[in-house]
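Here subunit A shows up in two complexes: once beside subunit B, once beside subunit C.
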Partner chain A sequence: MSAARERTRSGPRWYRHSLVLTLAIIVVLFAAGETLSPGFAAPGQVIYLLVTASLLGFVAAGQNLVILGGREGIDLSVGGMISLGALIAGNVMDASNAAILPALLATLAGTFALGAVNGLGVTFLRIPPLVMTLGMYGVIQGLLIVITRGVPSGRAAPMLSAFVNEPLVLGIPGILFAWAAFAAFVIWMLRSTAFGLRIYAIGANENAAALSGVAIRRTRVLLFALSGMCAGLTGFLVLGFSGNVFIGVGDQYMLPSIIAVVIGGTSLAGGIGGHHGTVAGAIVLVLLQSILTTLNIDPSGRAMIFGGTLLLLMFFYGRQQRLRV
Partner chain B sequence: MTVLEAADVHKRFGGVVALAGANLELAAGEVHVLIGANGCGKSTLCKIITGSVFADRGTIRLDGRAMRFRTPSEAARAGVGVFYQELSLIPQLTVAENLFLRRPPRSRAGLVDRRRLRREASRALERFAGAIGDIGPDHLVADLSADQRQVVEILKVLVDEPRVILFDEPTAALDNRQVEVFFDLVDALRREGRSIIFISHRMDEVFRIGDRVTVFRNGESVATMHIADTDKDEVVEKMLGTRIEAVERRRDAPKAADVAMRAEAIGGTHFDDVSFDLRRGEILGLGGLHGQGQSSLLRALFGADNAFSGSVAVGGEVYRPRGPRDAIRAGVAYVSGDRGRDGVFPVRPVFENFVAALLTRRRRARLDRRALSAEVGAVGDRLKLRAASLDALISELSGGNQQKVVIGRWLVNEPRILLLDDPTKGIDLNTKSDLYRILDELCMEGVSVVFYSSEERELLANADRIAVFNGGRVVDLLEGERVSELNLYRAAFAAEGH
Partner chain C sequence: MTGDGQSQARPRFEFRRNTWILAAGFLALLCAVNYFLQDNFFEPGVMVSNLTTFTPLILIAIGQTYVILASDIDLSVGAIVSLVNVVTVSIMHHLGGDALAVAAGIGAGVATGLAAGAANGLCVAALRFQPIITTFATGTVFAGLALWILPDAGTVQAPEPVWRTYSASFVGVPFVIWSLGVVALGCWLYSRSRPYLTLMAVGGNIRAAFGSGLPVMRTRIAGYVICGLFCSLGALALTGETATGDPLIGIAFTLSSISAVVLGGTALSGGVGGVLGSVLGAILLGLISNVIFFAGTPFEYQNLIQGVIVLVALAGGVFVSRGGAR
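Here is the complex of A and B:
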């Protein structure tokens, strides 16, 4: 048992291994991109890609939590949540730097509450997550149309746009520092807090978790609420990224948020996976898309290559199952 | 004339010997009772005869010809029907669909003839008319109560009109009236010349319905007798064999007399009117046959399932848990023998499996991994846990070691009362003796234990007192000199006043 304690102290082996593996994949993808289209891995381009990945990364973080919690957890409402978040943020701040903080708070609170509704539906009304969150997506979409009457509204404050798009230190924009800090926090939360271990517990064996005294329902409601909030945060940043909002702005993130989680090594059955994988998954996914965009092929061919590569990646990760704790 | 014969049947499951020379002769038109303690192989023999388990050795003969059914439906086609102890109805289907699942009536086009299906199902249900409420052919099985399901299961066996019928504890969930109807049915089947094997733990039922009885002990058939020529005492004696030597007691009853938990006339699903005082530092055994309410009682005491009626006090204070969290807060712990369902988090590391019950108690959000690892490591050492590391997945450990982790989860939590629900089910001897040692140590420290075990000898060796359950009630409380195998069996097999 003393060897065991040793290992825990220095951090488990799988963690370092799968990280190395994923970093290798990312480097290979950059190299492939550079070969196919010179300039792909130029610093400015790299940063642009990482900013794109970070937008996906925030929403995928919440998606990951819901999936880890098991019981077929999935959040299909994130697309709507992002659009709604962007709309709330844009209207509250309305191009004013002074209103950035209130806008952020309003966005987070609103999407947290709607996410909690997802969670309540899933736990107390026993609606399957797939159905509940898809329904929520529909409701939000309708709401957006009613509120905006189809006309884009709300504008980003200059400081928010700068935070997302302009270099802050060393040519790196603020959003990437924020993403790094956020990712570090989520990794820590999952590994080293009671809440994190509760998530794994309910995902791995809900019955045993209940008998261990874990508040199953409360935890699961919170997971959906957090997923909503992460999507809202993404919406807030998307507003900064593109300056204004159109209704369907969040839709393009829905499927990628799930794919990033899954290629990041999280099991759709729940209970297995970590956040570092999701971060890597977001980067890999964005890289892949962008490589395919630089290739000069028609969209159907692109879609096929994209799908095929994903399957290949899944296979590759599947073989590393033992590492994917 | 012998219809069915099992000769020298042997069967092992891994290291467990289920049958070691079972013989049985079923005569035409008789009701032949099988009786024996828990786990002596009765169900296994039924499964071997009907092709859902394969024997390692031995022969089954039907009408004098050796047979080896590969599936229960093959047996059914040969006229051998079986009621398994584990119910097999499909909850999402209706009563009628379940009854005729194997062979639904077909129309000329080859489709299921739903009109005839309903009509024939109604006719089948007629047999229990008045005893099963108003269930009809179109009710979903999911909506039926346990006794109604059992009746449907019985009828399902009969719709094939088998010549030979094996009933493995068909009356377990039935009420008095339903049992009477069932016995009338069995009488009728016997008059029609059908041959019946009937397994029951209720001695009065055995003598009410049986023509002959075969007694099983440790996987062997030890005697076959005519019911008319024997009595209950003889049957119990045969069940115990010459083993009536006293089981060696492992410990002396504790001196302390203060009460850790007092239950007064509590009732719930599957148990009723149970009262006991659990003393500080004692092991109170729950005895009796399988499924007589022991597990339900323990789960209710832990707040795991439905609430209980009556009153319970822990440490002198009212105890009424609304969930496991309340129980944990009151210092109560629960270990289930079904670790796959209730215990382990299979895809998670040993460490997380250990600390699962701490996740609510710790006020601070942050877990000090290093301090906890030390604590967990110490408990692991105490349990003699064999694991490659705390980061190994728990599913990589042996069953016994997995169970040690589940027990360790509660030791880390320092409970005052430990509820054990058949905790050694399917684990090896070494792990068992480690567990007994830990129980002794815990009792020394003043922890009180309620220990249900389906192994009588385990109870006799460890428990200070034994409350014997029968039909959801405590029918005897064995104390001091009266803690013996004979008394345990007498109470467990006594006629039940239901």
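Here is the complex of A and C:
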């Protein structure tokens, strides 16, 4: 446990290093954007970018927890969970301000339960997370069609749309305050609560954690449930962002949520990393995509540059240890 | 509960070498159900037509198997398939569509698949990037290349001899069966070779393999290159079937190829399983949608039922690859 505390408090050197690197990349990307297209770093534009990044940030937080929990933890069902969350929220609130709270609760409960099913499959049936969550994604896709009968339904309440899209204080929309508070909470939870330390413990060495009395199954089920819930929350906010729901709305967040975690310095092997890097990673990804959009590059070029840049980022962070005898 | 899937030494080793058995049993059951729902299911014409539909996934799943056996994973297969499809069809179209153009198109397609696989292998094994993220990134690049070569689907067609040959019969046996026969022979020969043994050793325990002096890096690269080769074969089959160039044609194959491999009992952790299971897994995936369709399931429930069946079957496949009971 003390090793985990050590790790979370100070972090290994390369990890601190990569956080600095990520922040540097954010500054460079903003500068590059401003040079290439004046007005890129204008306040309104920056806020719009951060709102987009926040949507990714919420879902990446859940992904972050699952990955930190180790044992090849990964959640590929978040895309479906976001779509489902947006669908539940849209149908429960149906454009009515009064129904926002029930809609939020229904969304969180539904996606928490489905996430828990992921966790139960992973811990009790010992299905690898990649397979379990991939299968769950297929199930959710089917569920979406059953619920909607192929026709999009549900609308955002005006207050929710305003919360995401319109300035609240100092020209900053409410969602950014919510994201800041949420991220701070996750960072605090990982560093300073028993639950957070348990996550590092099972991620770093499951056997040692079990021998130290950590309820590893319960913890891991909870991680997947929380990941589902974070994705559901993202769906709720995506509904506010776009006003209505279409079935595949969440798919675009699935792989970016993993990439944000990885370029934020969290190891896919589990047990190493934190959440502040993920926040920075989400911003980097959204910035990168936005620059490519601003430059008016056609979709094919955008895809190639995006993929190439990811490979370049992998060169800095994603390298695995050299094999030694 | 602490032992988990990590402890590899088990007495039931024979069972672990025949991980395809559950898939075969499930397949037999599904064939029976399918026959019950569709009277002419076992007629040669229907079976060949089904097999023709499943062939692209079968080939791609075989490629994915070799990568997974080496304990890596390839999320770029769908993009490679799209890329090979547009390269092949574009070259055939621009060279005029005669026999030489067709040969050039096929050659270029296979070369593209090999090159894409080699790029993946170099990034993952030589540069030591994390496989999931890396192949997602290279997949994005390949998908971009495919869009760049052919921005719109359906604007370029494959010449007539291509799809005529693909649906033709030789000596009374359909072309698809011949092709699958050649592939089966190739896989069988490979499975008895030293490189395959090395591949399994690397997948089973990479440190031990390295410690024994096996060429780990070269082996992992070879896994990706073979996967690229099979993706190009799958793309050629797809081209023979659809006769058109489509930059998005391969998207669905990434996830379904992984599903097929896991259904076939191959462990994602590497070193356990084989291509036979994946072939059965690919056929299973196809038959599941067949059965759901012929059972007259209401349209909106088809995907959900398929999703649930696949999830249950995946869990079963995992169970088997781990050697049965806990």
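As a convention for this text, the second predicted complex is superposed on the first by the 295 of 325 C-alpha atoms of A that agree within 3 Å, B and C clash if a C-alpha of one lies under 4 Å from a C-alpha of the other, contacts with A are read in each partner's own complex, and residues count from 1 in each chain.
Keep this in mind: contacts are C-beta pairs under 8 Å (C-beta built on N, C-alpha and C of every residue); 3 or more make two chains touch, one makes a residue touch a chain.
Here the structure is a predicted model, which is why all the values come from computation and not from measurement.
Of the two partner chains placed by superposition, only subunit C is touched by A:259; subunit B is not.
Contact comparison for subunit A: of subunit B and subunit C, C touches the greater number of residues. Look at A:136: by the touch rule set out above, it reaches subunit C but stays clear of subunit B. When both complexes are overlaid on chain A, the residue A:213 reaches subunit B alone and has no touch with subunit C.
Residue contacts after overlaying the shared chain place A:205 against subunit B, while subunit C stays out of touching range. By the touch criterion stated above, A:308 is placed in contact with subunit C alone, subunit B being left untouched. Of the two partner chains placed by the overlay, only subunit B lies in contact with A:193; subunit C stays clear of it. Contact with neither subunit B nor subunit C is seen for A:170 once the two complexes are overlaid on the shared chain.
On subunit A, the patch touched by subunit B and the patch touched by subunit C overlap at residues 207, 210-211, 325.
Subunit A makes touch with subunit C in their complex at residues 71-72, 74, 121, 125-128, 130-132, 134-143, 145-146, 149-150, 206-207, 210-211, 216-217, 255, 258-259, 262, 268, 298-308, 310-311, 314-315, 318-325.
Interface residues of subunit A facing subunit B in the complex, by the touch rule stated above, are 1-5, 7-9, 12-14, 192-195, 197-198, 200-201, 204-205, 207-215, 267, 271-272, 325.
Contacts from subunit C toward subunit A in the complex involve residues 1-2, 4-5, 73, 123, 127-130, 132-134, 136-148, 151, 206-207, 210-211, 216, 255, 258-259, 262, 268-269, 299-308, 310-311, 314-315, 318-319, 322, 326.
Residues 302, 304, 323-325, 327-328, 334, 336, 341-349, 351-352, 355-362, 365-367, 369-370, 373-374, 377, 380-381, 385, 387-391, 393, 409 of subunit B are the ones that touch subunit A when the two sit in their complex.
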